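The structures come next, written out as structure tokens.
Across the two complexes that follow, chain A remains constant while its partner is chain B and subsequently chain C.
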Partner chain A sequence: MADIEMEIDGKVVSAKVGEMLIKVTDREGVSVPRFCYHKKLSVAASCRMCLVDVEGAPKPQPACSTPVAQGMKVHTQNDKAKASQKAVMEFLLINHPLDCPICDQGGECELQDVAVEYGSDVSHFSEGKRIVSDSDIGALIQTDMTRCIHCTRCVRFGLEIAGMMEMGGTGRGEHLKIEPFLREGIQSELSGNMIDVCPVGALTSKPFRYELRSWQMNSIPSIARHDLVGSNLFVQTYKGKVKRIASADNDWINETWISDRDRFSYEGLTHKNRLLKPQIKVQGQWKQVSWKVALDYAVKGLNSHVLKHKKANQLGGLVSSTATMEELYLLKKILTEVGCDNIDHRLNIKNLDNIITLDSNIKLDALEKIDYALIVGANIRLEQPMINHRLRKATKKGADIDVLNVMEFDFNYPLNAENITAPNKIASTLAGVLKSIMTNNVQELPNYLATIEVDEVANNIAVKLLNSSSSVIILGEHIINNEDASAIANLATIIAQSTNSKTLNLSITANTIAANLVGFVPQNSGMDVNTMLASEMRGFILLDIYPQHDFHHLETVVKAFTPDDTFVISLNSFKDDIITGYSDVILPIASVYETSGTQFNVNNDMQSYTAAVKAPDEVKPAWKILKVMADLLELPGFHYADSTQVLAEISHQPHTKHTHDGHINFTNKHNGIGVIWQNSPYSIDAVLRHSSTLQKTKIGQMNSACMNQASAEILGLSNNDKYLGVPVVITDTVADDCVFINTNHAINIQEQA
Partner chain B sequence: MNEVCFKNLTKDQCYSLKTYEASGGYSVWRKILKGQLTPEHIIDELKVSGLRGRGGAGFPTGLKWSFMPRHSDGQKYVVCNSDEGEPGTCKDRDILRFNPHAVIEGMAIGGFVMNASVGYNYIRGEFMAPFYRFEDALKEAYEAGLLGQNINNSSVNFDLYTHLGAGAYICGEETALLESIEGKKGQPRFKPPFPANVGLFGKSTTINNTESFASVPEIINRGGQWFADVGVENSGGCKLFSVSGHVKNPANFEVPMGTPFKDLLKMAGGMRDGAQLKAVIPGGSSTPVLTAEVAMSMTMDYDGIEKAGSMLGAGSVIIMDESTCMVAVLTRLAHFYYDESCGQCTPCREGTGWLYRVLKRIIDGNGKQGDIDLLLGVQDKIMGNTICALGDAAAMPVESFLRNFRKEFEYYIKHGKSMVKG
Partner chain C sequence: MISTGAKKQIDAWIAKYPKDRQSSAVMQALKIVQAENGNRLNADTIQAVADYLNMPGIAAQEVATFYENYNHKKVGKYVIRFCHNISCMLNGADDLIAHLENKLGVKTDEVTSDGLISVKKVECLGACVGAPMFQINDDYFENLTIDKIDKIVDNLK
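Right after this comes the complex of A and B.
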């Protein structure tokens, strides 16, 4: 679009033809009041607050919906503009309750702010005010619709961003009411953004209700740590406590939205299960002790069980991918210094010889520009809400999306084809796709494709990939324990290379990329996690591990950690009976927002954050604990004043770059029923599991073992029976030979298969 | 009188295809099907005719049709606005009842001119009889091979559908009407973009009033100049006026533009019970009210009525005699707009309720000093600040009633009762 020149309040500015006037005024720093306009939502032009005077137009024009043109002369402050703006302000206030003293939005209310400038001290309105009844729309959002000014931002958010129109306007005229259509209330995994977009106190945070005024809190920029996006957000704190989370803008990462998971997880920080003091187990009895005693005990234990005997090869270090990069690095450094090569972060993978190696080579903001995506093994909407949002945007621009899943999931955009395939058929389907592509490209077929049959599903996907100019193949976490995991990943890589597609690896979680970068995997000939668990070990250092949720087989884990002569140092944030059962020392560590650190997202964007609050009671950041432990072990090179020095040291290290062999080996002959076990979206880490409000939502309550009738018959199960402790749901949306478990419960050691 | 839309009014079964065709109906359409007429010719004739939109805005129809990007790609639509809801208007109802084929032919011609192969006639929800009558006519036209795909092997396509509204006044606003056809809540869209670019289902669309469409066949048949000559300068042809109120013979009259108001009043049988004329709303409830004196010297055409201080609107002439309490009339009108506002934009949603409540208070004898200024202030704040014209429509009567009959309002506020009724 060509550049034009126009005049705003007498100042000549340049703009693009057809651009909306409000974008120009915003860019030029000219203040135009608005309520319904939101930069990421469609234009409604209904609040009329942004009326300005455009020379030549008989009526005042709304800046949000007036395209600019060459030579246009706009007055935002003259009598005509001001009169219109003040008129609209007066209308907005006549039925607004003006109950600011008891309104949660008070102090951060757009209506309040604009009223200061455009409102009048005295109202001419002497009639009774409108009162609107409220309905309960769920655990996350508090409504007070009498305050609603009908800007419809929440309605448009639902329709355009969340992809489900959960709020709508019913009734007309003065009786227009913004409310949910359904009794179930708001279900979207992005619903909390309605709180951010609501300009008034109609929609506010329910967990935060009546807690504090916005001006009492500090707002500290930080990074969300529950998924592969690393959404930018503000942690709002008061007297050392996290009180609320609000989204921050970052067009390359999360635009201006955050998922409910990122918004409400902070509640877990103050859960009564928080570990607050160091404790040691002396003759089978737990004792709360000082840090000095606890760390001495830990170091002494390590020395007496392991180091004294020069048995560092029987020491293991395991971490959860929720750890920060600095923590990962320091633990690795300690273990390396004492001569231990047994380190791993890949806790829930059954067969570490069969792992997914796949690059992520597409940027998040580029995802919305693709014209075709193939999603393999992911319930992407709930697992990675913000990545799903980008794909949804792509579909709105015309992109086609195919899935290859073991079960039908709820997508918030239309799919081109939803292919439901048994877990043991996914590799052969992808091989079929590759065969079809290579045949089309007149390439010589490798041996492993010789016997592959190309079915219609594979052929359709191949055609799509071949005809697309910007496509992406996305691999999700349902594949991690697939018998063909490695083959599936390698096939995806080759297919992508043959069709000039990108790949996106969503089979990993949280800070896995940082764990890989610092190389938190077995060193030299060290043991991997599964080998450690099967070996006789003298000691473990476990960082932020909750075996009931982090491993696929609890019994083995407990057995490995429990022996009397195995000295276990656990660094955790939350109490857990299983942990107290096997540990010898439990060191309470800072959780999210309580420590500084670094997170990597799926795009390898490195984002560091500071601690927003001090950890409670005697809790310390894990990086500090590890540093002191190293000092007590008298290891050299741990003189860090703060975590940024750790980061600086990491950035001078050669990064581990994993290579993949591209070797493809699959048999296509696995028998039996494949079980996919997944923690439900609000149970993927300890903080989330302790966030009480999230757990009350429908997503938080997800707990089912889904299978079709045929599988149920093979397993001898019927509805409401339990399978691996999870209620059985028989549905024909699941593929043959598959049980898909999505649970918010811990693995029960007794009921484990 | 009754030369265009009502020309068959007195004939037996005036609404039938037979009657319509006997008086030259569908001859234009048949010429089009034979390839004897070009879109350019039709637009030229319409421009010459001076036909202006009969729904109320009075935009020249020929010009409007020429705005359609007829050569652009994609589906295009013509839509007929038969959502006749303006208080005082009942002309389109009678066109649909007594001359439905003129609407069909007019829409088909429009479809040809604008390269739109699909048309919708949006009929007001309460118009059940006209709806059925129109549906019957549509069936006749299809059966006679006048509509459909590749009509008479002409390669001309035109399908016409009827859409029944659900009784919301706002759906008479053209973009709210489009939303309603799309199955959404009837709320006006902001403009630009205009329907000619982004209309029904996002496609180029032209919307005309029923009377406008019904006038087209006769204009093309008899020539634009003929039509123009029937009327006066700037107001071509004849126009249907719905005369209601305190007259002996309330009815629709199709008369040449420029007919003096007093003649129209005579046609309607003059004032009922020999009463004195007090006030006239000349173009439907949204147009400013006029005093008897001004009205009696006015001519019924766009310029004539504008000179008198009001608007021709949809040609809905509401006659009020000396027994009328203007405070009561305005309160009733205010309630109408309060009830019919869609609620989308702030000034109309909040302002119409405010206006009504103040008037209701006055009527109930609880008026306060300063209420007249308050009403004028509120209407001024609505005026020109809304998405669609409903806001202006609600505001305009307030201003004109207070300007022309202020004493009655002052009396009512002071004494708590009507100056007229006592």
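Right after this comes the complex of A and C.
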């Protein structure tokens, strides 16, 4: 679009033909009041607050829906513009209550701010104001619909961004009200953004209700830590406590949205189960002690059980996926210095000889420009909501999305084909795709494709990939314990190479990318996690691990940690009976927003954050604890004043890169029922599991072992039974020979007979 | 929830609109479904229409609550829709509505005890030339006076 010149308040500015006037004024820093306009939503032009005077137009024009043209002269501040804005303001305030002193939006309210500037001190309206009854729309959002000014931002957000129209305007005229249908409440995983887009106090945060006035809080920029995106946000604090989370703008990462998971997880920080003081176990009895005593005890224990006997090869270090890059690096450095190579972060993988090695080579903003995506093994909307949002944007521009899953999931965009396949058939389907592509390209087929049959599903996917100019293959969490995991990942890589597609590895989450970069995997001939658990170990250092959620073979884990001569140092944020059972020292560590650190997202953006609040009571950031432990162990090179010095040191280290062997070996002979297990989306880490409001939502309550009738008959189960402690749901949306478990409880999946 | 007969009627309306625009038939679909459900709609029937037309429930609810020809409460065999919009109001509709309410012993949105008649106040029905006016089921009655109303209502049996 060509550039044009126009005049705003006498100043000559350039703009693009057809651009809406409000975009130009925003860019030029000219303030035009608005309520219904939002830069990420469609234009409604319903509030009329942005009326400005355009020379030549008989009436004032709404800036949000007036396209600019060459030579246009606009006045935003003259008498005509001011008079219309003032009149509209008076109309909007006719029914708005004067409850600002008890309104949670007070102080950060667009209506309040605009009223200060454009409002009149008297109203011509002396009739009674209308009152709108409220409905309970769920645990996260508080409604006060009498305050609503019908801007419809929340309605458009649901329709355009969340992909499910949940709010709507019912009734007409004076009886118009914004409400959801059927009183079943708001279900979207992005619903909290309605709080941010609401310009008044009609939709506010329910957990934050009546907590504080907005101006009492400090707002500290930080990074969300529950998914692969690392959404930018503001942590709002008061007297050292996190009180609320609000989204921050970053078009490269999260645009202006954050998921409910990132918005409400902070509640877990003040849960009564927080570990607050260091503890040591002396002759079977737990004692709360000072940091000095606890760390001395830990170091003495390590020395007497492991180091004194030169048994560093019987020491192990394990971390959770939520650890910061600095924590990962320091723990690895300590263990390397004492001569221990046994480190690992891959806790929930049954067979570490069969793992997914797949690069992510597409950026988040490129995802919305693709024309074809193949999603393999992911309930992407709930697992990675912000990545799903980008795909949704791509479908709105016409992209086709195919799915190869073991079960039907809810998608908030139309799919081209939803293929439901047994876990043990995914590899052969992908092999079929590759065979079809190679046949089409007249390439010589490798041996492993010789006996593969190309079915219709594989053929359709192949055609799509071949005909697309920018496609992506996405591999999800449901593949990690697939018997063919490694083959599936390698097939995805080769298919992507032969069709010029990108790949996106969503089988990992949180800060796993940093763990891989730091190289928190067995060094030299060190043991991996499963080997450690099967060996006689003399000591463990465990960073934020909760075995009944992080592993799916709890009994093996507890057995490995428990022996008397195995000295276990646990660094955790929350109390847990299983941890007290096997540990010798428990050190309370800072949780999200309480520590400084660094997170790597799927873009490979390195995002560092400072602590927004001090950790409660005697809790300390894990990087500090590890540094002091290193000092007490008299290890050299741990003179860090703050975590940025750790980061500076990491950036001088060569990054570990996984080598891609490309070896494909799948037998396709395994029979029987494949069990796919995952924590429900609001139970993937310890803070989330303690976030009481999130747990009350429908997503938080997800707890089911889904299978079809045929599988249920094979397993001898019916609808009221439990499978591995999880309620059985029989549904024909699951593939044959598959149980899909999504649970918010601790469970113990032992190897199936 | 929606009978085969009703679906057939709705399909005929869907066919009038471009492909994938079946939600354009929502007004007719609501009318058809209302007719076979005791001349009223509820959350379940509205959701059923929305599902049939592949649109969000709330979007059907918006339509069903915007237009006054959809009933959300129990109505009588005869529904008197009395216009109280500007032309009718200037020609004395308010007094006539009060008279009608007195005569029937019901308020707006109520049904007479014999279940025969209910009264609704509605917005403009596009018959300003004959104001004041009302509509009984599918028929318009214009240039109303107290006498005329008495005669019309007495004939409703």
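Keep in mind that, in the parts below, the second predicted complex is superposed on the first by the 747 of 753 C-alpha atoms of A that agree within 3 Å, B and C clash if a C-alpha of one lies under 4 Å from a C-alpha of the other, contacts with A are read in each partner's own complex, and residues count from 1 in each chain.
One rule holds for everything that comes next: a residue touches a chain if its C-beta (ideal position, glycine included) is under 8 Å from a C-beta of that chain, and two chains touch if they have at least 3 such contacts.
Since the model is a prediction, treat every value here as computed from it, not as a measurement.
Taken together through their common chain A, the two structures put chain B and chain C in a clash. A simple residue count on chain A separates chain B from chain C, and the partner touching more is B.
When both complexes are overlaid on chain A, the residue A:G169 reaches chain B and chain C alike. In the superposition on chain A, A:K59 makes contact with chain B only, not with chain C. By the touch criterion stated above, A:F181 is placed in contact with chain C alone, chain B being left untouched.
Of the two partner chains placed around the shared chain by superposition, neither chain B nor chain C is touched by A:L212. In the superposition on chain A, A:P67 makes contact with chain B only, not with chain C.
Once chain A of one complex is fitted onto chain A of the other, the partner contacts of A:E127 are limited to chain B, with no touch recorded for chain C. Where the contact sets of chain A with chain B and with chain C meet, they give residues 169, 171-173. Residues 159, 164-173, 180-182 of chain A are the ones touching chain C in the complex. Within the complex, the chain C residues that touch chain A are 43, 46-47, 56-59, 61-62, 65-66, 123. Considering their complex, residues 168, 170, 185, 190, 192, 338-347, 349-354, 357-358, 361, 368, 374, 377-378, 380-382, 384-387 of chain B touch chain A. Chain A meets chain B in the complex at residues 43-49, 51, 58-60, 62, 65, 67, 84, 87-88, 90-92, 94-95, 124-127, 149-150, 169, 171-176.
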